[in-house]
Amino acid sequence: MPFDAITPADLDPADPVGAIAAAAKRCSNWGRWGVDDVLGTLNFLDEAKRREGAACVRRGASFSLAQRFDMDGPQKGWRRRTNPVHTMLDTGTDAERGTQGFPHGLGGADDVVFMPLQASTQWDGLGHIFDHGVAWNGRRAGEVVTSDGDLVTGIETTAALFAGRGVLLDVGRAIGTDGELPDGFAITTDHLIATIEAQGETSRVGRGDLVVVRTGRLSRARRDLAEGRGWGDYAGGASPGLSFTTADWLHGTEIAGIATDTWGFEVRPNEFDVAFQPLHQVAIPNIGLFIGEMWDLEALAVDCAADGVYEFFLTAAPIPVTGAVGAPVNPIAVK
Amino acid sequence: MPFDAITPADLDPADPVGAIAAAAKRCSNWGRWGVDDVLGTLNFLDEAKRREGAACVRRGASFSLAQRFDMDGPQKGWRRRTNPVHTMLDTGTDAERGTQGFPHGLGGADDVVFMPLQASTQWDGLGHIFDHGVAWNGRRAGEVVTSDGDLVTGIETTAALFAGRGVLLDVGRAIGTDGELPDGFAITTDHLIATIEAQGETSRVGRGDLVVVRTGRLSRARRDLAEGRGWGDYAGGASPGLSFTTADWLHGTEIAGIATDTWGFEVRPNEFDVAFQPLHQVAIPNIGLFIGEMWDLEALAVDCAADGVYEFFLTAAPIPVTGAVGAPVNPIAVK
Amino acid sequence: MPFDAITPADLDPADPVGAIAAAAKRCSNWGRWGVDDVLGTLNFLDEAKRREGAACVRRGASFSLAQRFDMDGPQKGWRRRTNPVHTMLDTGTDAERGTQGFPHGLGGADDVVFMPLQASTQWDGLGHIFDHGVAWNGRRAGEVVTSDGDLVTGIETTAALFAGRGVLLDVGRAIGTDGELPDGFAITTDHLIATIEAQGETSRVGRGDLVVVRTGRLSRARRDLAEGRGWGDYAGGASPGLSFTTADWLHGTEIAGIATDTWGFEVRPNEFDVAFQPLHQVAIPNIGLFIGEMWDLEALAVDCAADGVYEFFLTAAPIPVTGAVGAPVNPIAVK
Amino acid sequence: MPFDAITPADLDPADPVGAIAAAAKRCSNWGRWGVDDVLGTLNFLDEAKRREGAACVRRGASFSLAQRFDMDGPQKGWRRRTNPVHTMLDTGTDAERGTQGFPHGLGGADDVVFMPLQASTQWDGLGHIFDHGVAWNGRRAGEVVTSDGDLVTGIETTAALFAGRGVLLDVGRAIGTDGELPDGFAITTDHLIATIEAQGETSRVGRGDLVVVRTGRLSRARRDLAEGRGWGDYAGGASPGLSFTTADWLHGTEIAGIATDTWGFEVRPNEFDVAFQPLHQVAIPNIGLFIGEMWDLEALAVDCAADGVYEFFLTAAPIPVTGAVGAPVNPIAVK
């Protein structure tokens, strides 16, 4: 199937249900790795790919692709997603005052956090999104995720796997103005391909790769913050992002995962009259694709723009909270 | 200074204060990287070391060194350290029932966690332990860690750095019985050196390496669990671990970090009549050393024993909770 | 219907399903207050009853019936019920050190809590228990309590109502040995009636009353604690408590609510071969009865034993967490 | 000392330090109840006062003075004060689907909350505010509140005591326009006295009373909410409230506690050029006064305006979180 099975012009804004059903049918990976599969597109990321990733380490420069996890984040409480709340169990102030009760001059600090697992830089697990009550690989949603968490595809099943070749597609720089795409800009397959071509050979994308797409949305949010306007609608509001029509590219490239510097991966507002994250509905339960959100690609992108090398060894190991449908991650790119 | 400046026989069990002071004096790195330094021994981990680490990727096999984060963990509430509590904000059961209110058949699951930052696999930050009210590099503890967290050496300062050459020292297999050291066994410098010699060339340890030491304590805890005896005292109780006398080796090797499969890194009970984690008091505030605890080295150790290769590319990127004095991590070893 | 419709001798230990169905049929209050009712037996507690309660204030002595909420509680993590974790956002140590940044010498302390709503002294809400997937007043469980909480009978609906005449039935003192009933002791209707008779006129129980039943189980737990044995199985283990056969008394007396000094209200082990809290299954979804657990009746009971007066004004206002199926409460009895 | 020791005209806006020191000197209760006292003005609330309170129950009508505790509250994260986050451990949806594993058709729902203790309706404890590093009764702040909480005056010490005669001073209706005072309106002693006079005999205020002051600020916030403008700055922003100059009235009346319908009790902005809650600095550490905030006085005030009776039996029992410097409460007024 061609990557460009459909273009935005083919979409009927009044019919997300039909578009989703058609894309799901074209792109479904159900059964591809057996009825018991819990890994989806991570099956594409094999040992050869990890060796290929390691070979991308040329200088030894490392970049964290995580935003900081703290109360100053973008969350505004939508569906109870707060920012992380970090509190201390013991402090240096107490230790210095000498009231902790430890022997031989020992003092300690300790701490705790309360946070939605998708409050900041994270991977969506395969149990995060359902299509008409059905989860990845055709399981009924209620058999997969109950109040006890994701009993089948919990993020812990992926704990060892997110290490391989990463590729940055800096669409913001390649297509945008001053390195940024405007809110509402739908990144199409053509844009992705044009970016790859503009960036050159190190940007090729294929089976098992971990792709990170920079839109520039986080640059804009940071500028707003620095200039006193706050995070605005970074979390949940208008944003550049992938077009619904990239489903076939996401499927056909056989990538293992994809992440962006935005809150929601997809273009917002979505490309239908009444919709909410329709590409997720195809990508997660039907393709079995791992999606990362709120990644910080700024420093990496500057470096890639400088040396023209867009591939790297990427480790993006989520904290294996048992049964989690998403998990915080501090991805490390090494060039 | 020789690594074997002291041996356990040199310790006066009645005088931890004196022993700590002497070791702190011998091993201090204060000022070594300037008065403003916040990275301690991470300064040893440079780009060359990362290239050396990447060169250890021979097969592309990857291993997660994290335990699972859930309520079934070993914590028992000491100083309010509970196990992680994971709860759902939305479930598949709800989605399947069709009560979530999303359009076009979309359903979702979402979740939240409450956890002490050192509940499971973690790095201690440099603000975790103080020596007589003084933190790493000579700062007063109360200037570093207040109720607002670690204002100076918060774990976020290390976000991009924990990627390099990892070395497994499987002391349990090299020195122990059936692969395990008994509780209370103090691993000395001689034991570490003997393990390196027994394991061979890939086990050499030097400047900038990330060393992981397997004692077998987690194997024993897992066997107890499997046989219905629960975690017992894995968290906080008796355990094999590093002898206080390894301080000079930790300092002299110029390693960037070290982690074990135990709750507390050091041998427990500690080697003094009345003491609590005296090696921490030397290692963290005086050496500026990063210590990892509760790492799961089981699968990696089996693999290393099988192929005789004990080095690997290790990425161990903590979740950058701003101001944290410790942080959860899912370390990934790639061989 | 007589209160003693059945006795323990009538129960078939092999047939909890049959016993529950029969009791539910005899005791159902469904529809009694209309199809939209959310208050159940709180409908019995009217203004006249509140005046009667206020008239019980003779001396002005007040008693808190709450246990303390802290990490030293009895919870052991069953179904993720931890003890409350209380952490500080600001401390006096920081304030005294002068690092908080407030003007004119102001300092502050502030705090946060993470707690299961039934971690300590609490009321069960009407959405807490279901009978074959059906909630209070015949609603389907999935229409009442989703991941968003109890959308119908959330505890906030009761916020103003728990104030009226309270009656202590100190079954431990009336029937037990040294003031305590042994674990596994099933309190029957006969025991309740005998206690009322032994205590005298102020112990009469009728429509709209709030009844508190002391078994002595908390006395025993406190003694165990004081003697270094810990909480043991106070949370979830063997305990005296109400017999399944008291369902008809609970229904027929038309009380507004009932609380005990035990973890689970009912006798434990339950009176069937394989069962879990069968009286709850009748009382909450079928009778619509409010059940309180883990109340501290010790000081009140001593006072009542001393002056022979067992009635008082009871205010037991739950924290109105919107959508909660249970809520912490600090009940105050004034005699 | 007269209640009107000073008036707003006496304040030097440039000198909060001087004004606070002078008021603290005039109003200090240090030592009044001994050096070990932890109850402050609660000492004024005796058994006679509780009998007087109970005698105020004439009709039996009850009113909850608590706002609801949920994510839709006014908090905006200032100093990590989020709104309460309520999540489910078990749901009715799961129970109805039959996946919970309980016997005999039992199903259950259970829940957990994470909340700052002052997120909604609450009492400030005596450890909440310090004056130049000194807490109630002259103790050093660092001896009272560490990371382990308030070791001396924790809210649990008050668990049984907040029950007595309540008095509503509806300053909004007595002095304001359409029942509300504008933001920035400082309620003076004269305003309080005028309100008492306007409301009549049942509004007299004296030793041991619990006073609730309605400003109308919550009415305005609710109207804003209803009209789609959100909470605005209810939490922390401009507000009517008590003038700094009421310190002498708060001290001289010998009331046991006082609460308002605002976030911060005091008028905001405060009456000095650069200040933050200066009246707190006098009232809590120096007078030892209990202050309640964010109480919902709307329904009670309508009732009082209708029947002209402003006194009632008030029970306002905080959840006794051990060591808390503030605590949630569901106050119940019974008339």
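By letter and in written order, the chains are A, B, C and D; residue numbering begins at 1 in each of them.
Following the convention adopted for this analysis, contacts are C-beta pairs under 8 Å (C-beta built on N, C-alpha and C of every residue); 3 or more make two chains touch, one makes a residue touch a chain.
Everything numeric here is computed off the predicted structure, so don't read it as measured data.
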{"item": "Degree value of the rotation bringing chain C onto chain D, based on Cα positions, nearest 5", "value": "180"}
{"item": "Classification of the chain A:chain D interface as same or different, half of numbers criterion", "value": "same"}
{"item": "Separation of mean Cα positions, chain D and chain C [Å, integer]", "value": "28"}
{"item": "Inter-centroid spacing, chain D versus chain B (mean Cα positions, whole Å)", "value": "46"}
{"item": "For chain B, residues contacting two or more additional chains", "value": "80, 85-91, 93-94, 96-97, 99, 112, 114, 142, 146-147"}
{"item": "Residues on chain B engaged by chain C in the complex (per definition of touch)", "value": "71, 77, 80, 82-83, 85-91, 93-94, 97, 99, 114, 142, 146-147"}
{"item": "Residues of chain C defined as touching chain D within the complex", "value": "16-17, 20, 46-51, 53-55, 57-64, 66-70, 72, 79-81, 84, 86-93, 95-98, 102-118, 127-133, 135, 140-147, 149-150, 156, 159-163, 272, 274-278, 280-281, 313, 315, 317-326, 328-332, 334"}
